[in-house]
Amino acid sequence: MNSGAVLVVEDESLILLDIEHSLREAGFEVIAVYKGDNAIATFDRNPDRVAALLTDIRIGEGPTGWDVARHMRTVNPSLPVIYMSGDGAEDWPSLGVPNSLMITKPFVMPQIITGLANLLNSQAGLAAPG
Amino acid sequence: MNSGAVLVVEDESLILLDIEHSLREAGFEVIAVYKGDNAIATFDRNPDRVAALLTDIRIGEGPTGWDVARHMRTVNPSLPVIYMSGDGAEDWPSLGVPNSLMITKPFVMPQIITGLANLLNSQAGLAAPG
Amino acid sequence: MNSGAVLVVEDESLILLDIEHSLREAGFEVIAVYKGDNAIATFDRNPDRVAALLTDIRIGEGPTGWDVARHMRTVNPSLPVIYMSGDGAEDWPSLGVPNSLMITKPFVMPQIITGLANLLNSQAGLAAPG
Amino acid sequence: MNSGAVLVVEDESLILLDIEHSLREAGFEVIAVYKGDNAIATFDRNPDRVAALLTDIRIGEGPTGWDVARHMRTVNPSLPVIYMSGDGAEDWPSLGVPNSLMITKPFVMPQIITGLANLLNSQAGLAAPG
Amino acid sequence: MNSGAVLVVEDESLILLDIEHSLREAGFEVIAVYKGDNAIATFDRNPDRVAALLTDIRIGEGPTGWDVARHMRTVNPSLPVIYMSGDGAEDWPSLGVPNSLMITKPFVMPQIITGLANLLNSQAGLAAPG
Amino acid sequence: MNSGAVLVVEDESLILLDIEHSLREAGFEVIAVYKGDNAIATFDRNPDRVAALLTDIRIGEGPTGWDVARHMRTVNPSLPVIYMSGDGAEDWPSLGVPNSLMITKPFVMPQIITGLANLLNSQAGLAAPG
């Protein structure tokens, strides 16, 4: 059975590899991309394949993390969304999507893993309301 | 527009009238019944008509509050459910349904009104996940 | 002491008056406007005056409820936000702001009053973290 | 049946009377006192009589709201506690008790009523865990 | 010190061994059984030994996961309960117990570990209400 | 970037080393101390260095865990606080600080890791309200 992958969007390659490694160790499947355009294209090719989005805010040229999340939520309204950022956090109250998590850098990996687990568990509650 | 009614099930008529009056004053529409059988029959006639269930546990002969709630949840999985009881509360952890509220008697009406409002508001969140 | 007003934005005047009356009865101060432009202008004149936003989504010409909320959150990141809508609810997961409430029409006033109270109470928690 | 009273502690008599009136209108039973000493003495005479505590922080001479709440929690660990304050809020993270609500002045009465209802409802959940 | 074990009930042995291994690696003690009857018998022999229940819904012949959880909750009302299921999730709103978690297959182990940790932590809150 | 350390206070050295090891494995930085005095001194030297407090209640002579947490919260009102205790748990409702976690011994490490992650994630929400 395929539980889908965490789509990780981060333009600093060392951080991206670090996160990818930790998530795989924890049992998640991971799709790692460097730019917002790639993230959106990957998602659009097969939205069912993406179980959650973990994205930086400033990801070089092109769409920001805010844009990427908003696009994906139009297709999958219950997609778990976690934003990671150092200085972008102050825009979360106006540019973030509902039921998303804003984790400020620097963070430790348990924050990401626990955040993803909680969002996935509450999404299941949405699938079977009660 | 019709937002549906709160179906109140309570076999002590003074308490039932009291609750019905307070809920109507607060702006809710109310269907008041004395027995579990009537509650189930009323609901089955038109499930869309029932926005929430507020039920005592021991309601004379026939189905208990536990039975009534379970029946309605098979038809409407996101139905807000509040149980009221003096001594039945200890069975809630095994006989209650998920995402329900157990309010022990004696209570004050703000507990019921706030409880209903919270459950209706989170149900809306279920309707539009995110 | 002035606790600020609830800024209510709704283009159907009967609904607007109804909400305004109920909120005043409950003890809230209310500023009622019909259009998104007026809402934004009123807010910009004195942001400190607005304790919470309660807005319909489709409010005639001009800014939508999504736009109004987003604008106000750039100035006041902890502003309580409640959206009301019949069919706009499906856009909340992508166009709503974090920590907002989406209440689908038809609703009963206790949902609005309890929703506002909860958001104001958790905002106080933000003011004094712990 | 007696559901107990809300013990309200506030040294400004106009505010105290206002709160007492609103709470009674909402259906709560109220014991109103001006000073921390009286609050503690009243509670100690019959702890079962007090369903919840609503207290200002600075209440003249004698025990503060922080002291009053802490005393009552040693006797009733699940007592709902709401603090009201203008400038005392910044001490809540170090001097408040767990599972308490800090409501900053100025506030509107629905905040108090909804806060009390929520705490009473979750206390019932503590009485019948599950 | 003995913090009790997670009682895991799953009729597919590969999945059961997988879960048992991951939980042990995370620091949990595990009792693994294949059938509802065994689960109930094991629990009844020494209820204090079981810190949490993690159960599939369809577990071959005999009691379902719904039955197993309900039985255990009559003895230990605050027992953390997590259900795992592919297609049984739609019955959770009517057949599940309050304060339980429904995790739909396929899932990743962090969902189970985080779910168990959260339920155990909130159970402690029940033990010392406040 | 430095995300700060978890300050762990525990007077039984085997337990302290065990916790320190598990937290480091999970990705946390750790400062381990045996006594309340050391904890307070370490914190006072550089409060920014401490991202969270994890403390036993009875820690030999000197300040208790209750005292340590209260002191740190006067300097950092949003500091995540987790208490660990066997028999001290019954005092948490009167001596604990708001938004703290009380974990009763014996516990498993996922409870601590998940508890810390949740508190750190909600603290971020406090940093960027919305």
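Lettered A, B, C, D, E and F in written order, each chain numbered from 1.
The working rule: contacts are C-beta pairs under 8 Å (C-beta built on N, C-alpha and C of every residue); 3 or more make two chains touch, one makes a residue touch a chain.
Quick caveat: nothing in here was measured; it's all calculated off a predicted structure.
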Shared interface partners, meaning chains that touch subunit A and subunit B: C, E
For subunit D versus subunit F, which are copies of one sequence, does the interface use mostly the same residue numbers on each side, meaning over half shared, or is it different? same
Top of the farthest list for subunit E, CA-centroid basis, is C
What is the size of the turn, to the nearest 5°, that moves the C-alpha atoms of subunit B onto the matching ones in subunit E? 180
Between subunit A and subunit F, what is the gap in Å from one C-alpha centre to the other? 29
Starting from the mean Cα coordinates of subunit D and subunit E, work out the distance between those two points in Å. 38
Give the residues of subunit F that touch two or more other chains, as numbers and ranges in rising order. 73, 77-78, 90, 92-94, 96-99, 102, 113-114, 118, 128-130
Residue numbers of subunit E touching subunit F in their complex, please. 1-3, 26-29, 113-114, 116-118, 120-121, 124-125, 127-130
Would you pull the subunit F residues touching subunit D in the complex into a rising list? 70-71, 73-74, 77-78, 90-100, 102
Residue ranges of subunit A touching subunit F (in the complex, touch as defined): 22, 86, 89-90, 92-94, 96, 101-111, 113-115, 118
